[in-house]
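Reviewing the structure listed below.
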Amino acid sequence: MSAAATPTLEVRDLTVGFGGVTALDGVTLAVRPGARHGILGPNGSGKTTLFNAVTGFVRPRAGRIVFAGADITGLPAHRRARLGLARTFQITSLFPSLSARANVAMAAREKLGVSGDPWRPAAAHAAAEERAAGLLADLGLRHLAERTVGSLGYGEQRELEIAVALALEPTLLLLDEPTAGLSVAETGALVELVRQLPAALTVVLIEHDLGVVFGLTDRLSVLLNGVLIADGPTAEVREDARVKDAYLGR
Amino acid sequence: MHFLVFQTLNGLTTGALLFFLASGLTVVFGLMRILNLAHGALFLFGGFVGYTIGERTGSFVLAAVAGALAAGLLGLVIQQAFSRTLLGSPFNQVLLTLGIAFAIGNVVLWIWGGAPRLIRPPEVLNGSVAVAGVFYPIYRLFLIGLALLAGALLWIFWERSRIGAVVRACVDDRPMAAAMGIPVDRVFAAVFAVGAALAGLTGVLGAPVLGLSIGLEFDVLLLAVVVVVVGGIGSLTGAFVGSMAVGLIDAFGKARFPEISYFTLFAPVILILLLRPNGLFGRAGVE
Amino acid sequence: MRRVLTFALAALLLAGGAVGSLQAAAQTPSAASGEPIRIGVLDPTTGSFAVFGEQVNDGIRLYFDGVGDQIGDRPVELIFADSAGDPQQTLEQARRLVGQEHVDLLMGTVNSAVAPPLAEFAGQQQIPLVLTVAGARDVTGENRNPYVFRTGLANGQQDRVLGWYTAAKLGKTRAATFAWDFLVGEERVAGFTETFTAAGGEIVAQQKPPLGTTDYGPFIGQVDPSSIDVVYAFFAGPGALAFVQQMHQFGLLPNLELVAPDYFTAGVLDQMGSDAVGTVQAGGYTAAIDSPENAAFKEAYAAAHEGAPGVYVAEGYIGAQVVADAIARAGSAEAQPLLDALAAADLTTAAGPLTFDDRGQAVRTVYVTRVEATADGVAQTIVETVPEVGQSWTPAS
Amino acid sequence: MARARISPGAAVVAIGALLAIASWPLDAYWTGLLTQAVIFGGAAVGLDILVGFAGMASLGHGAFFGLAGYGLALGTLRWGVNPWLAAGIGIVGSTLVALAFAPLAVRVRGLAFLTVMLAFGQVVWGLATRGGSATGGENGLPGVPRPSLGPWDLSGAEAFYLFTLLMAVAAIYAVVRFAGSAVGQSLIGVRDNETRMAALGYDVRRLRIIAFVVAATVGAVFGALSAAFNGFVGPGSLDWRLSAQLLLSVVVGGAGSLWGPFVAGAGLHMLETYFAGTTQRWPLVLGLLYIVTVVLLPGGIASLPRLWRQRRRSARPAATPRSRSASES
């Protein structure tokens, strides 16, 4: 690990509050390029709020967010996405009336800069369609391409979510509880999918399933009541006494 | 001073009537997410029924009771007949309740013949008294007082009573309330009927000030919708503050700038909603 | 692509419907000599003017019933349509009456706002239009359309008499005017003001509530009652009803004189009841007119309805009478002879003599009335009769 | 479902041609009625972009329809401008108003948007009503002339009908293309899941503004046509009732289907004209019609073909296409 490399994501003294509640309190952490970085914490500890702040869906009270060396704290969500910051959502967040391929193509069109064409039929943007088809094939989801998302199984939808996020060609991918609600078999398939992601892609994931977390991540940050209580290599953090007390210990 | 007192009282009178109307609309919305565009038609129907009963019996109180009952009953019938559609997509709600509004309006024209009517306030409330140096009709003061009283009662009912707690539970989390054994369907029906009854009651209470005429149903509906959205949908406090605010803006606007009184009401509405998209007392996510 | 196909299907259905209705249209006979005379009547029967439109229709029906639906040797067919008081719908129904029902002339309509577009339409279609109630001045103004005649009074026509009467006869010279803020209100207040000030009166305050206002609290409070001795008001229907009641509640009535054009109490006098007592009005018709023509009219009305006919029924009746008279004299329902006959009209109606000025506006008697309490309610009595009132009437003329 | 090989352009032109042919033997009344029907149908198609695609139900759309009409009327009657130029002024003016108000309006959603648009419409209505002699106040502006197109005189009923068809074909063709384009798809995305769209890098605000302005422009085109056809504009040309009628047309037709709102916009107008000439109970009849539609056909007219297909192959189990109910709350 080169200490000189610019971190893909840096969060400095991030504080987020809603009304009287402080959801995140002075969180500082860094994610190096190519990392598999896990975020752990009990419900309500501020994990999703952290994602929302990083991706621009909530405004922090204080602190900075730096992405690949550039301060993005004031940027709106869509500008961050264009910089290469992709995410999935805790609750499946697709377009149910469209086909799987159209869902991926939606992301691809924006990335390719053809989403503003008000005249040509959407499907005529061959590059976007090809990229969508290619991505689905790469992820082993080719068989879902023409099906309406509403008719897909839950596990398939979770996999599709990742495909959609990848269509942005992100440098940083944030996965919010990708295996929540999945069966054992579905979880296995999803873990396999994440494992096969390009090594250059930086991945941060929130996950409750400790097996998944320990299997996938090389680094771990633990949140408790909005405060970062541990941050380091996965192997070290899982032995940390405070973390054990707060979260793992039971 | 004279001007200030006079127009404040006028604003509060309008606000009082709006509150009676808007409270029903807002609770139904808060509970069931139903924007009942037939609310104005129920207002008109209740008013006309009250007029007829008032003519027959000579009693204002009976007229008010009859107006509220008739509209409440009609509301109950509507809720029972269309309970599924009413809980469906907002577009279909708009279509259904506007359709009902057109139908009721035309039936009222059919039955009562379209001649404008006036309900006279009861004898004891006739005439005017001096308030802070201004002669003001007793009936209007009575309306203001009644609205304050109703607001307080509704608030106590909502916040303190057991039934209020049940209804609030349904508002906050419908499946959870059902799981706890609360008969959600019956609560819905009851609240919808009470909302309709409030509309009908307003028809009678408002008749001495606004009269009763075909077309009035949509005029009051627009105002009530504005009040509810500005106050924050589903919020009784919002309905109260919104009603009084709209009433006062309207009164002072008309008095000071009659030429542009069309804007003095609606321009602030745009402004308020741009600053607070959920209304003055609305909660985020409730829309 | 599926969407496109369905689009095509839908359009076909629409076109099919249109073609299907063709036959209905084709079967409608067009008017020819010896055939029935077809009169299209456009009055509002829904919306806030419904009650007035119904009464005008009653009047029109009453007249033609009285003559056995016959003018000379030709039967009369009345085709009614709902204008809803809305210009757009009025035009649509006018198109239907002319295009599909093939009427020979149009008559009716209540609110002023529909009159100008309807007049425009009549000019384009070259079809005679006889306005009964709608008083928009433009229609019989400088740019008057030769196809349009108005048997009722123009806005301000009776108000001019009222202004003069208020100052010269009642001796009230400090007035506050209350009228809805729309063109009709403006035209009426202007008519009143002109003759009122000419006779020495002064307008102290002008209040213009928005059209349709029924809560006058914010406006009544603006006027200092001690600065005036008379209130001029123009509202109609529910507005007028609420106004008199609120003027009493706020204590301005009965201490001040209230003057108004006849449409103020029309249709709502019974509802106003004792609140209306003392109201001085000027208008083209009152049930109190003492003439054989009015007696016949009232008798005919009483045979079919309860109570006494109001001004809306009368205007419908008078309009029908003028139309029938013109057709009889023209001996035809062709446009040009009919228009010529209308221009030459000179007859006695239930409201007295009627002729037209060179702009198609009726010149009629205007009656000034006062509302008085009677044994079974309230009624108008005539306090002044002013003959031959045209749309620019002044006391000197 | 196999995809038909028909381009939207060809289909729209074919429909126009069909309507033109179908109207050939009609008398002046029917061509007039069809003209107005096509105008309302077209305006409803435009509104569908905002309601069905972007998911923003508006009760103030009549304002843009009417503003263009007032532009045409003021241009020809008050400023003595050539009718074409005046229509251009009206349409461009209405679009500019939309462009100016859109950034404000799209800040709110759902019922708040509905109410803001209602208030906006009331303000415009107030301006028209209070415009004094400039706008003719309550009475509006009668006498708006119909233009001629070179040697083609448009004052006749048939000529103007064909012209309206031509304009409608062009406008609806443009809308259909727009709806099927990348931007149209993006609007569906915004309607279904705004947050996700932002996470994909879409500028949601900009998309909403685009939908708002496109809908307004289409409304303005048909508003100008309506004013020229009726020879009249008045406050009724832009009040909330007109807005409600357009919104109801979209819902009755089936939001998001484009063809449904066209059929509903045109059909409801024809039905209303028919009933209003037949019975004083027409508001009751229309009200019942709305109620029956919403109960029996909650997906609107656009769901008819799907229901029909389902019935035809009800013997075979088939995956139900998800209804595109553009719900927003």
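Per-chain residue numbering starts at 1, and chain names A, B, C and D are given in the order in which the chains are listed.
Rule of thumb we're sticking to: a residue touches a chain if its C-beta (ideal position, glycine included) is under 8 Å from a C-beta of that chain, and two chains touch if they have at least 3 such contacts.
None of the values given here were measured: they were computed from a predicted structure.
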Geometric centre: closest chain by C-alpha means: D
Rounded Å distance, chain A centre to chain D centre (Cα mean): 41
For chain A paired with chain C, centre-to-centre distance based on mean C-alpha positions, whole Å: 72
Centre-of-Cα separation between chain D and chain C, whole angstrom: 35
Residues of chain A whose C-beta touches two or more other chains: none
Chain C: positions in contact with at least two other chains: 46, 50, 181
Chain D: positions in contact with at least two other chains: 129-130, 180, 282-283
Pairwise chain contacts, counting only pairs that touch as defined: A-D, B-C, B-D, C-D
Complex interface listing, chain D residues touching chain B: 51, 57, 104, 107-112, 114-116, 118-120, 122-123, 125-127, 129-130, 240-241, 244, 247-248, 250-252, 255, 281-284, 286-291, 293-295, 298, 325-329
Contacting residues of chain C [partner chain D, same complex]: 1-19, 21-22, 25, 45-46, 50, 81-82, 84, 86-89, 91-93, 95-100, 112-113, 115-117, 119-121, 124, 136, 138, 181-184, 211
Chain C partner contacts - residues on chain D that touch it in the complex: 1, 3-8, 11-12, 14-15, 18-19, 21-23, 25-30, 32-34, 36-37, 129-130, 136-140, 142-143, 176, 180, 230-232, 234, 236-237, 257-260, 262-263, 266-267, 270, 273, 276-277, 280, 282-283, 301-302, 305
Chain D residues touching chain A - in the complex, by the definition given at the top: 177-178, 180-186, 188-189, 192-193, 195-204, 210, 319, 321-322, 324
Of chain B, residues touching chain C in the complex: 2-3, 6-7, 9-10, 13-14, 106, 109, 113-118, 120, 126-128, 134-137, 139-140, 208-216, 219, 250-252, 254-255, 258-259, 261-262
